[in-house]
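Pasting in a structure now, in structure tokens, and then I'll have a few things to ask.
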Amino acid sequence: MAGNSFGQLFQVTTFGESHGTALGVVVDGCPPGMALSVREIQRELDRRRPGQSRVTTPRQEPDQVEILSGVFEGKTLGTPIALLIKNRDAAPGAYDRLRDRFRPGHADLTYFLKYGHRDHRGGGRASGRETAGRVAAGAIARKLLSRFGVRIVAGTVQIGKVRAARFDSRAIEKNLVRCPDAKVAPRMIALVERARKQGDSVGGVVEVRVEGAPAGLGEPVFGKLDADLAAALMSIGGVKGVEIGDGFAAASRLGSENADPISYRRGKFFTRHNRGGGILGGISTGEGIICRIAIKPTSSIALSQKTVTEAGKPVTIQVQGRHDPCLCPRIAPVAEAMVALVLADHLLRLRGQVGTIRRSK
Amino acid sequence: MAGNSFGQLFQVTTFGESHGTALGVVVDGCPPGMALSVREIQRELDRRRPGQSRVTTPRQEPDQVEILSGVFEGKTLGTPIALLIKNRDAAPGAYDRLRDRFRPGHADLTYFLKYGHRDHRGGGRASGRETAGRVAAGAIARKLLSRFGVRIVAGTVQIGKVRAARFDSRAIEKNLVRCPDAKVAPRMIALVERARKQGDSVGGVVEVRVEGAPAGLGEPVFGKLDADLAAALMSIGGVKGVEIGDGFAAASRLGSENADPISYRRGKFFTRHNRGGGILGGISTGEGIICRIAIKPTSSIALSQKTVTEAGKPVTIQVQGRHDPCLCPRIAPVAEAMVALVLADHLLRLRGQVGTIRRSK
Amino acid sequence: MAGNSFGQLFQVTTFGESHGTALGVVVDGCPPGMALSVREIQRELDRRRPGQSRVTTPRQEPDQVEILSGVFEGKTLGTPIALLIKNRDAAPGAYDRLRDRFRPGHADLTYFLKYGHRDHRGGGRASGRETAGRVAAGAIARKLLSRFGVRIVAGTVQIGKVRAARFDSRAIEKNLVRCPDAKVAPRMIALVERARKQGDSVGGVVEVRVEGAPAGLGEPVFGKLDADLAAALMSIGGVKGVEIGDGFAAASRLGSENADPISYRRGKFFTRHNRGGGILGGISTGEGIICRIAIKPTSSIALSQKTVTEAGKPVTIQVQGRHDPCLCPRIAPVAEAMVALVLADHLLRLRGQVGTIRRSK
Amino acid sequence: MAGNSFGQLFQVTTFGESHGTALGVVVDGCPPGMALSVREIQRELDRRRPGQSRVTTPRQEPDQVEILSGVFEGKTLGTPIALLIKNRDAAPGAYDRLRDRFRPGHADLTYFLKYGHRDHRGGGRASGRETAGRVAAGAIARKLLSRFGVRIVAGTVQIGKVRAARFDSRAIEKNLVRCPDAKVAPRMIALVERARKQGDSVGGVVEVRVEGAPAGLGEPVFGKLDADLAAALMSIGGVKGVEIGDGFAAASRLGSENADPISYRRGKFFTRHNRGGGILGGISTGEGIICRIAIKPTSSIALSQKTVTEAGKPVTIQVQGRHDPCLCPRIAPVAEAMVALVLADHLLRLRGQVGTIRRSK
């Protein structure tokens, strides 16, 4: 499978450059007969959209999505669903001065090294703008998952050194940084604003939680659910780390401290602490799934940085494009989308592979 | 692709249960004409082998590998290379008492929930023993990579709360815990021994470093090199987190602190701090690749733990099998193998896709 | 990989229903730096376009293609190339009477059985119109192949019982049925016209020939070049058989009659008769590749046919849409496109997998 | 996916050279809890086994299969099932004289051109012996399919110019050439014996019939059931053509002659003539599936043939190995196996993708 596709039974293929004609995605494998409207997809896109607040980039993109195929009379056909998002506020001229030089921390250098010919405008294919297609596809995956009672929510649990102390899903959409801790949110916002004013940026951590996922998602030994989640989340630009359940914290513990007894109530199995984040041996337990991603501070900052041109000549640049001072609030819906894509795919695979013998007599 | 296969042009498929007849792997896509001997594969297996020292499981498995196909007169044919490792010291009887109950922290519960019918002996397919096949395949990938000047080494940089202060590759094979810091190694060993004596276990962190990887490995946007590395490493049993380059540390920084200027010397581009771990925008820069994995303490401990039976009845178990008090030293070669598989696959893809236009006139 | 994608390193994903908003395709894996213009793609689409002559459907579709991504300043970027073709002359009303009934020989019945909910208008996703996306993608594959000296041409070698006696590539575009035998073409045209006037249709055979393909394309044992060609060609609507080289004729021969001695001249190997159609053991020999496809007569005929409704009620229908009396002339460019997609993919895989050892020292 | 793997949810990977240590296959994706014994697999292998009669090769191979993994206490685990078949009667010495020369009609030339280094003994990986792994895997697929009421049978319907006039499944295993027409079988046998005595060989056609396959197998537009069947069957060595349903016969018909009205009885839909061979628009109708393959005469004949050495020097060879005078009787079980692999895979995919919405409320 080529690099711009993801998933096996629920497969998405995205396309588009940041300042090109359009972005889009083809979703192949969504089961037929599911009600689906432009509005449902637009709602998710609006959560990722730039220009939402003073803590995000001022680029104005309506990110209006069109459904080109795969839906007939309001319901999915089982055929590929193509979604198109035209670029409106492309400002390619802003990048003219960057044409032959590499912004540090960006993919400019590596696209040059790999492809030779590159679209230098706003990162081209490597721009965060590419995630619009992921979010649009994720909206379809989420709709599918909701039919099975699966809900996904992501919140910013850390910005810089400020950490959330609790995870209250209802708080997330009520503050600008999507923090699940209403008390801590104002401090996070202040931190982001300070960075923005100084032409600086700041990193953070986003946590994704899934409720209602059935047991049995994931396969041995390479097709593990946590392996697929790690790939899906690490594929988001700016993400430098992924952990599942207790993650890196478990590395410094003794086995006796990390123990997690199993119990049983009303037809379901439970672990006491859910240290595995809803996954044991790469397969879901039926408990809540929990993962976290480390997000680096936006590399595009207004402060001057040393770099070189394609010819290797040293230069100093100051990135003048419009950028997010902190990626977390806008990455949260992208992370939800990626988790949704993984779960939708594994859900269909689970239904296909396992239990068929038992279902047949 | 099914759950037990990995890679596209360099594809591996592993099989085998911990206490079944045999483990093995099929490697499809290794280029033809490469010298390959049993000895080279055995050398890597010996590094992963159980029973090596007082800090690893006492299970005695010679892990003798046989080449069944794909090699003729000492050289690869370009056809699938099948490798077989027979189980010798299987002690299935030791697991009789665990037949209907779930060891906490293991895949016993999830295999039961997913498959219904399961091989309860030592975790069956979910056993760490499965990684022998990965290491055998990895030995072939490493041989291939060495032809292109790529070298991979992994070391234990943390056990419990003890951390290495430096990464000296030459130190790694000289101490029992594979620590790249000769001074810190004795404290790590003492910590593992204490845990073992108390019937306890301890977690840690392994770092993998790659030298000599060419620029250009990785594809946009889902086929990123770091996404594939994350999946490969997270698929190892016991791994709960993956980070690339500065990883989670970057999350608490300002953009100005995280800046990483680019320079150019003698035909190559460099970043000052290599904060990206040799990867920018999902594509290798040609610098050293660095990743780290968080490993939980072995879940099998001699201390008694609460759990339930398949029927949901509460019981107390004490796992009596033979286990590693700390997984790090034996996971290090597995992590090297997984990184080798990812790089070999991307290397072949790179040669196929890119530059073909330039190579043709 | 989902059902609407094809290829591994050179991957295409098509979408769109016959009377929906648009058709399109995403091509992922085309190497960077290749000059590519809308005009080159349009030229191939124009060859497949309906309404070309009195022997094809009168539906008027300009099939104007737009490039949405993957091309910058006239050259490919190595990122996905998305192509869009809007439907203009959709006449969905013409299908209102067919809403709940199945046209014999079409996919109406099976889409109903599989998906429940279906787009009944002109076959929806199963319409021959879907092949516009294939031809657009094929144009890119052909451009890539042309850089390596590979040329593909398809001609109608049989309509009804009228057969071409020779294969002259230059004759093909000079007659309405794309027959490579200028002498036989008029008889074929007369046959198609007679069928059209009687509201009938007629089947035929199209032969595809490839010149300049290198030796070594194809892999053992499932990834054989002829296996991939068979799948690619059989996936075209209306195709009921595929043969390679001498095909079914070989089945009635003795081994001594079918013998095909090998010789060598000026650095190349040759078979005397090329009975294998340029392929031995699933791998290309470097000779001309030859395959043929059997195409059934268009199932949509103006004559009344017995069928049933979704509820199983017997009815008589007369298909009034606009249809081709013979599919061959318009399938020829589609067959070329499919062969191009297979060859482009295998060419990239060949460059990736084989010879890497020899190229390294 | 690499060239030696096949299938998506039900994936097989085969390995092994004709005169190497062993042949084998890994089956990944077989649902858990299915009773499976060595005996069931051996039974199918025995049908393909060489040395069965005077119309097949005298090479004596017991083809004893071992199950290495994936089965526990007589039932499948849902984990990979590895099967091993050791080579016993390897006679590599017989091939010494062929070491540097190409047998016409074989893959010797193309493996040399592609891989450089090759196993010349009996065709190595390209030998018909490779199909033992396919048949072993097919036995598992057939067992799975039988749980859903799907039965597959293949018969030799043509040898040379002698054709069967009827298809009586019960006749097939009662004659040496597996002809479904008991009256015609003796003439076919006589033809094969005559060829064998003259050191010659003869081609033929094998037809595969499937009963009990559900409607809905297959996907638009590249994942069509007939496309996958065509690839699967064309991948068998010696096969030069594939047709579905009426196949090439339809090419010479008018639409009115080829019409196939649909009717409905007792909850099922039927076509009058099943001209589509149980497939419409690439998706199964629920009727019997019918396909046919053209098989060339064995290229290894005792008559002397002209060829060249690797250095291009003209030589005359007489192939002295042990070969089948007609491939049909032994290809029949291989064709059944390949069809079983395709159907098992599509069956699991169907259960995964479609109807999930309807099954959820």
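Which chain is which? They are A, B, C and D, in the order written, and residues in each are numbered from 1.
We adopt the following convention: a residue touches a chain if its C-beta (ideal position, glycine included) is under 8 Å from a C-beta of that chain, and two chains touch if they have at least 3 such contacts.
These numbers were taken from a predicted model, which means no experiment stands behind them.
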Of A-C and A-B, whichever chain pair has more C-beta contact pairs: A-B
From chain A, the most remote chain by mean C-alpha position: D
Centroid distance [mean C-alpha coordinates] between chain B and chain A, Å: 26
Where chain A and chain D are represented by their mean Cα positions, the distance between them in whole Å: 44
Averaged-CA centre spacing for the pair chain C and chain A, given as whole angstrom: 38
Residues of chain A engaged with two or more neighbouring chains: 1-5, 8-9, 14, 29, 32-33, 78-79, 114-116, 125, 220, 350, 354, 358
Residues on chain D engaged by chain A in the complex (per definition of touch): 8-9, 29, 31-34, 78-79, 144, 147-148, 220, 347-358, 360
Touch list for chain A against partner chain B, complex: 1-6, 8, 14, 102, 104-107, 109-111, 113-116, 123, 125-126, 130, 158, 160-161, 195, 200-205, 215-216, 218-224, 226-235, 237, 240-248, 250-264, 269, 271, 275-277, 279-286, 294-301, 303, 305-308, 312-314, 350, 354, 358
Footprint of chain C on chain A - complex, ascending: 1-5, 7-11, 13-17, 20-24, 26, 28-29, 32-33, 66-70, 72-73, 75-82, 84, 114-119, 124-125
